[in-house]
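So the structure is just underneath, and the comments pick up after that.
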Amino acid sequence: MNSGIPIQYFLILATLMFFTGVYGFLTRRNLITILMSVELILNSVNINFLAFNRYLYPHKLEGMFFSLFIIAVAAAEAAVAIAIIINIYRRFATINVEEVNEMKY
Amino acid sequence: MSLGTFLIMRHELLLIAAALIVLIAEIFWNPDKKSSISLFSIILFGVITIIGFLPSPAGPLFGGMYVSSGTRLLMKNILNIGALIVFIQSVTWLKKEENSEKISEYFLLLISTLVGMNFMISAGHFLIFYIGIELAIIPIAALAAYDRYKNKSAEAGIKLILTSALSSGVMLYGLSMIYGTTGTMYFSEVASLFGNTSLQILGFIFFFAGMAFKISIVPFHLWTADVYEGSPVNITSYLSVISKGAAIFILMIILFKVFPIIMGTWQKTIFVTSVLTMTIGNLFAIRQQNLKRFLAFSSISQAGYILLGLIGGNQLGMASVMYYILVYIFSNLGAFGVVTAISNATGKENIDDYNGLYQTNPKLSLIMTLALFSLAGIPPVAGFFGKFFLFTAAAQQGFYLLVLIAVLNTIVSLFYYLLVVKAMFISKNENPIGSFRSDFSARFAFGICVAGIVVTGFASVIFEAIKNLSFGV
Amino acid sequence: MDILSLFVVIPVLTITAILLLKDTRQVRLVSAFGMGLQLLMAAVLVYLYLSARHAGNIDEMLFVKDYLWFKSLNIHYAVGVDGISVAMISLTSLVVFAGIFASWEVEILKKEFFISLILLATGVFGFFISIDLFTMFLFYELAVIPMYLLIGIWGSGPKEYSAMKLTLMLMGGSALLLVGLLGIYFNSSPDKNQLTFNILEISKVVIPLPAQRMFFPLTFMGFGVLGALFPFHTWSPDGHASAPTAVSMLHAGVLMKLGGYGAFRVAIFLMPEAAHELSWIFIILTSISVIYGAFGAIAQKDLKYINAYSSVSHCGLVLFAVLMMNQTAMTGAIIQMISHGLMTALFFGLIGMIYGRTHTRMISEMGGLMKVIPFLSVCYVIAGLASLGLPGLSGFVAEMTIFVGAFQHPELFYRIVTIIVVSSIVITAVYILRVIAILLLGPTTNEHFEHLPDAKWFEKISVITLIGSVAAIGLAPFWLSTMIGTSMHPIIERILALNPF
Amino acid sequence: MINFSYTIWIPLLPFLMFLLLGLAGHKLKPKLSGLLGTGGLGLITILSYITAYRYFFTSEKVNGAYQKIIASNFTWLQFTDKLHIDMGVLLDPISVMMLVVITTVSFMVHIYSLGYMKGEKGFERFFAFLSLFSFSMLGLVLATNIFQMYIFWELVGVSSFLLIGFYYQKPSAVRASKKAFIVTRFADLGFLIGILILSFNTKTFDFITLTDPMGTAIAQGGGIAFLGLSVMTWSMIFVFMGGVGKSAMFPFHIWLPDAMEGPTPVSALIHAATMVVAGVYLVARMFPIYALSAPVALNVVAYVGAFSSLFAAVIACTQTDIKRVLAYSTMSQIGYMMLALGVSGYGGHEGLGYMASMFHLFTHAMFKALLFLGAGAIIHAVHSNYMTEMGGLRKYLPITHITFLIACLTIAGIPPLSGFFSKDEILAAAFHSNKILFAVEYAVAGLTAFYMFRLYFSVFWGKDTHYSHEPHEAPATMTIPLIILAVGSVVTGFIPFNKLVTSDGKIFESELELMIAIPSVLIGLLGIGIAYVMYRKESAIPDKLAATFKYSYKWAYNKFYMDELYLFITKKIIFRYIAEPVAWFDRHVVDATMNAIATVTQGVSYRIRGFQSGQLQKYAVVFITGAIMLSILFIYLWK
C-alpha cells in the first residue's frame, strides 16, 4: 500500500511547517496572524502523527484520532483567542501585539 | 461493561453534572438575587468535595485510557479542597455590580477546568492527557480576561491563551516524536518501548517544555507574572495553586510511569531547571511592588522547590510533593485571601500600601504573616515540614548540592517575605489602610487556611496517609 | 506529661494566657509569673537530676521521653537531658526571668513584645531538651525568627537593617546546618534500613569518614554562625546594638549558646574523626575571633558595640575549647557558655538601664556615673570584673578550665595557639577598664546627669538575679563542673575511642 | 602534731568582714564600720601570733627541719584527676612569717586609718576594701598550691586597684589604678602561662609535691629543651614575670609610683609592706625548683633584682614628692630581696641569701610601713606631698619626727637597728656568690642612705617654711601605730632568722661578717654625711650638682622616660595600629563582604528584569530557545 512518497518528505514538510509557524509567532505583529501561525504549528504536528501512523503503524489508528482531536481543540482555542482579541481591540483599539504590554518587569 | 464501572470516574462525572446544573439553574434563577447562585454552587461543590473522599472503586477504564487509583483520587481531592477555598474566597468579589451577570459562567468555567485537570490526572493515554490539559487551560484564559473593562485583564487573557497554544504546540510536537518512535500513546506501552535515542530525548524535552510552561518553570515561566497581575485575584490564586498543582501531579505521574528508562536524563533536566527556577524566581520577586506579581514570582520559586521532590523519583519524594502541594494550597490561598480581601475593600495591591497594616487590621496581618512564614518554611507552621520533606527526598538520592542551593534560595525568599512582614508591622504610615471587617465567606476561607497551615504540619497522620498512597519509580 | 516537655508547655501556656488578656499591665505580670514558674521548674529539674545521679543512675540521658512523630521518616519527638543540658536550661530560665524584668517598661505593643520574647524562649528551651535532630532543628529556627520582629519593631538605630541582616545570616547558618543534618540522617545507619534522627542512636554507629568530612564543616559552620564564628560574626554587633535590652540579653545570653551547644552536641559528638582531622582550621578561626573580637572591642565607642565584640571574643573561646576535644576543655566550654550567658545578659541589662537614663550609649558622652547612680555602676563594675575573669566570679572558673584543658592537648601546635588565646585576658582587661574608667569614674561630665534616678525595684530584681548566679558559680564552681564533667565522660570516651591521640 | 585547723579563720574572717561592710556598710555608721574592720583584724592578728608561736616553738621538727603543714584543704575546682585547684592553708616558716608581717602592718594601718580617713566620704567602703585586701593577701601567703596562689594573686591585684582608685572622682587616681591593674595583669599573664607549662610537665599544682627536693617535679625538670633552656626554666621565668609585675621590678615598675595616688595608709600597707613583696614571696615559695632545677631562671631573678635596686635608688635621689621617693626606695629594697634570693643556694649555709631575703622582707615591712605612715602624718599636717614646700617640721611634729628618724636610720643600715642586720646578711650572701652584684648593692646601700636623709633633712630641718596654717601633730590613732612600728623596726633585727626561716627548714649558723658589715655601715654614714651637708641647711649645692649633671639629672628626674615609652606602646602601637585597624577591618572588609552579597543579589535582580519585557513574542523567543537549548544540552553535551 506504499504510495511512492517516502515518509521523509512528510516529516520534512512537517518540520518546515513547525518552524515556519514558530517564526511567524515570533515575528508577526498582528495577533490574528500570530494565531494563524499557531495553527500552522498544530497542523505540522498533525502531519507528523498521520505520517507516522500511516507509514509505521498502519494497523492502529491512534495517530489519526490524535490529529482529529488536535484539530477540534485547536478550533476551541482559536475561538477563545479570537474572542479575547476582539476584547483587546475594544480596550486598546489595536491588535498590534507590541502595544499590548501594559504589564512588564 | 456495566454502567457501575463508570463510577470509577465518579469525580469527573459529578463535576460535569455540577457544571451543567449551575448552567441550567442560572436560566431559571430569580434575576433579582443572582448573587445567591454563588452560594448555591459553592454548596453543590462542597458536597462534591466531600463525596470525593468517600471510598470509590479504582482501576482502568476504556482499555486503560483512563486509570483511577488511590493516589490519583487523593490528588483530585487535594485539588477539590483548593478549588473549594478559592470559590469561597471569590464570593465577595462576585457580589460586585459588574460581575453579577456572569456568576454562573465563573463557576461553570472553573468547574470545567477542574474536570479537565481530573481527566488529565487520571490519564492512562496521552490523548486523554492532552484533552484534559487543554480543557484545563483554555477556560482559564477566558477567565483571565473576565474583567471585561480592564485593559490588564484582556492583556492577561491574550498572553495566556497564545503562549499556552504555543506551548501545547511544542508539547504536541514532542509527543508526535514519541509516537513516531514507539508507535503507541498508552503510558504503559510507551514506558516499555521507550529507549534513549536522540529523537526520543528531543521528544521528551519538548514534552517537558510544554509541562514546564504549565508549572511555570524557568525558562518557560515568563507569562506567569503578567497573567497573574492582570487576571482577577481569585483567578490568579486559582492559577497559582490549582493549575500548578495539577500540572505537577501529572508531570510527576508521567515521569515516574512513562519515562523511568531515561530517569538519568530527566533528573539532569530537573536539576538544571529547578536551580534556574528557584534562583530566577527569587531574583525577580525581590524587586516586585505589586503583591500579585510578587506572589507570582514567589510561586515560581516555590515550583522550583517542588521539583526537588520530583528529582529523587522515590516514594518519599512523591509523598512530599503531594504533601507540599496541600500545604502550599493552604499557605498561598491564605496569602491571596488577604490580598483579595484588601483589594476588594480598597483596591490597593502594592506592598507600600500595606505599611502599618498591623495597627489597623491586626488579624489580616497575622494571617498574612503566618501564610508567608509557611511559604518561607519557618517552623512551626506547615511550610517548614513540607520543605523539610522535599529536601529530605532530594537528599535521599544524594542531591546534597541541589539541597544546599535550595536552602540558600530559601534565605533569599525569606528576605522578600520579611519585606512584606516589615511593611505590615514595622514601617510607619500616616494614612494606613482603614480598618475594615471582611464578610463571612472570606473569614470562613481564612479559617480553613489558617487551620490548614497550623494543623497540616503537626498532624503527622496527614503525611503518613499521603505516604502510604504514593509510589516511586 | 513529663517534666521536660513542661519546659515547652509552660511558655506556650503563658503565651496563650497573654493572648487572652486585655489589660497591658497584666501582660507583664503574667509573663513574669510564667517565667518565674519556669525558673522554679529549672530548680526542680536540677534537684531531680542531681538526686537521680546520686541514686546511681548512670544513663547518658535522663528523663528520656520518646514519642514517634513521623513514622515513615522515623522522626521522633524525643527529649532527654544530661548535666550539660540541665545547666543550659537553668541558664536560660535565669536569663529569661531577668529579661522579663529588664523589659518591664516597654512602651509600644507590650503584648506582642512579651509574646515574641517568650516564643524565643520556647525555642531555646525546646532546643536544649530535645535529643532528636529534627525537633532540635525545628526549635532552633523557631528561636531565631522572633528576633526579626523583636529587633525590627522595638529596636533602636538602624533597626530594620540590623534585624534583616541578623535574621538572614542566622538563617544562612541554619541552611548549612540543614544540609549537614540530612547528611547525618542518611548515614545514621550502616545498613540503610532504619535511619534515625536520634542523637543517642546515631552516636552508637560510626558515620563513614568521607561523609563526616563532607558534613562536619557544614554542621559546625551552621552552628558556628550562631556562635559568632569569625568571619560569620558580623550580625552580632549590629544586631546587639539595635536590639532592645531584653532581646540583647536573651540573644547574647542564651541564643548564641545554641551555637556552641549544637557544635559540641551534634557536630563534634557525632562526627569526631572529621572534627579531629579538620579541627586545626576551626581552631585558627576561633582563636582569631577570640583575639580579634577583643581588639575590636578596644576601639569601639558605643557600649553595646563594645559588648557585642567582647561576646564575639568570649563565644569564640567556647568554640575554641570545644574543638580541643578533651574532658577539661569541653567542660570549660560549657561553663564558659553559662558564665558568659549570665555575664553578658547582666551587661546588656545594665547598658539598657543606663541608656534608659542617659539616652546615649556613646561612652565619650558619659562620665562619672558612679557618683550619680551608684547601684547600677557598682553592678556594672562587677559585671566588668566578671568578664575580665576575676577569681570569685564565674568568668575566671570558665576561662581557667578552658586554658588548663586546652593546654593539656598533646600536640604542640594546639598548646601554642592556647598561649596566644590566653593573652586575650589582658586585652579584655584593657577594654573593660577603659569603659569603667571613662563611663563610671572621674568627675561627672554632663550636668544633665546630676539628678538621674538609680535602679527601680524591677531592675534590681533583674540585676541581682544575675549577679547572684555569677557570684555563686564563681565562689563554688565545684558542683557545676562536676555535674557537667560527669555528663562529659561518655562523650569524651566516644571521642577518644574514635581518635586515639 | 598540733591542730592548726583554726587557721582557716585567719583569711576567712576578713572576707566575712568585707561582705558585711560591702553589703551593709552604707547602712552602718562610718565609725562603727571602721571599728568593726579594725576589731576583726585585731582578732586575726592575735590568732596569727598564736599560730606563729605554736608553729615555731611547739610543733615538733623532723630531723631538725620545720615541716610543711597542710592545716586544711578542700578541692575547689577539679580539672582532671591529677590537676585540681584546692583551697587550703599551708603552714611553713615563710607563710607563718608572712602571717605575722601582714597582720601586724595591716592592723597598724587599720588603726591609723581610723584617724587618717576620718570624715572621708566612703569611709566604710575604705574599710571594706582593706578587709578584702587582707583576705586576699592572707589567702595568697597561705596558698597550698600555685593555682590558689594565682587566684589570690589576682584578688590582691583587684583590691589594690580598688584602693588606688579610692578617690574615684580624681582623674589622676583613676588613671593610676587603671595603669596598676593593667600592668600587673600583663605580668600575671606570664605567671599564668608559667603555671600552664609547669602543670603540663609536672601534672600537679601542689606546692609540696612541686618543691620537694627529692620529688619527681624537680628530678625530671622537664628535660625538653626550647631555645636551649629546659622547659622548667622557661616556666620558672614566666612565673617570675608575674613576680616582677607585682613587686614592681624593672621593667614593670612603672605602676608603683603612680599608685601613690591612693590614700597614704594604702600605700603603707599594700605598696610598701605586703603586696609588693608578693613577688619575692612567690620566688621564695618556688625556691627549690629555682635553685635545683632552673638555675638560669634564678640568675635572671638576681640580675633583675640588682638592676631594679640601682635604677630605683638613682631615681629616688631626684624626686621631690616624698611618697614617690618612698615608692622608689621600696622598689630598690625589694630589688635587694630579689637579688638575695637570686644569689642564694639551697640548703644549709648555701641558703644564706634565702634567709637574708626573708629577713629583709620582715624588717623592711616594719620600717617602710613606718616611713609611709610618717609621711602620711606629715602630709596630713601640711596638706602637700612636695618636700620643696616643707621644712623645719621637727618642732611641729615631734613624735613623727623621732619615729621617722628611726626609720631612716634603719633603712640606712645603722646598727643596731634591724635594717643593718638584714641588709648585712644580703650583702654577705651577694659577696660570696657574685662580686659584681655585691658591688652594685654596696653602692645602692650608700645611695639609700643619701636619699633617705635628703628626704629627712629637707622635711624636718632645712629652711623654715611659713605655713598658711600651723601644722599640728597627728591624733593618737595615728601616732600610736607609728610608735609601735618604730619599736618594731628597732627590735626585729635581733630575731634569729637563721634558726627560723631557712631554705630547707633546718637551722644553720651564720655570724656577723665584720669585713662586710663595717664597710656597709661606713658607706651608710657617708651617704648620711653628704645628705647632711647638702640639705641640713638651705644650700646651693644640690642645684649646682643638678646643673653640672644636667642631662643625667634630667633623665633620672623623668624616671628615664619609662612612662613615656609605655604610653607610646599602648596608645600609639596597640590602640592606633592594632585595635582601630581591626575595628575598621571588621566594618569595611568582613561586614562589607556580607553586605556585598546582598547588594550583588539585588543588582543582578535589577539587571535581569529585561527578560520580563511584557512583550509576548519576547517571551516566546525565550520559550523556544529554552526548549532548544535543553534539547541540545541533553542530546549532545550531557548524555
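A few notes on this one:
Order as written gives the chain letters A, B, C and D; numbering starts at 1 within each chain.
Here, contacts are C-beta pairs under 8 Å (C-beta built on N, C-alpha and C of every residue); 3 or more make two chains touch, one makes a residue touch a chain.
Here the structure is a predicted model, which is why all the values come from computation and not from measurement.
Common partners of chain A and chain B, by the touch rule above, are D. When the interfaces A-D and B-D are ranked by C-beta pairs in contact, the top one is B-D. With centres set at the average Cα position, the gap from chain A to chain D is 98 Å. Averaged C-alpha coordinates give centres for chain A and chain C that are 65 Å from one another. Per-chain CA centroids place chain B at a distance of 78 Å from chain D. Between chain C and chain D, the centres computed from C-alpha atoms are 37 Å apart. Shown for chain C are the residues that touch two or more other chains, namely 168. Residue positions 598, 609, 612, 614, 616, 620, 624 of chain D each touch two or more of the other chains. Touching of two or more other chains is recorded for residues 158-159, 162, 166, 170, 225-226, 287, 415 of chain B. Only residues 158-159, 162-163, 166-167, 170, 198, 201-202, 205-206, 208-209, 213, 218-220, 222-223, 225-226, 265, 268-269, 272-273, 280, 283-284, 286-287, 412, 415 of chain B touch chain D when the two sit together in their complex.
Contact residues on chain B toward chain C in their complex (touch as defined above): 316, 319, 373, 378-380, 384, 388-389, 391-392, 395-396, 400, 403-404, 407-408, 410-411, 414-415, 418, 421-422, 425-426, 460, 463-464, 467. Against chain B, in their complex, chain C makes its touches with residues 69-73, 75, 134, 138-139, 141-142, 145, 148-149, 152-153, 159-160, 164, 167-168, 171-172, 175-176, 178-179, 182-183, 185-186, 214. Contact residues of chain D toward chain B in the complex are 598, 601-602, 604-606, 608-609, 611-612, 614, 616, 618-620, 622-627, 630-631, 633-635, 638. Within the complex, the chain D residues that touch chain A are 609, 612-617, 620-621, 624.
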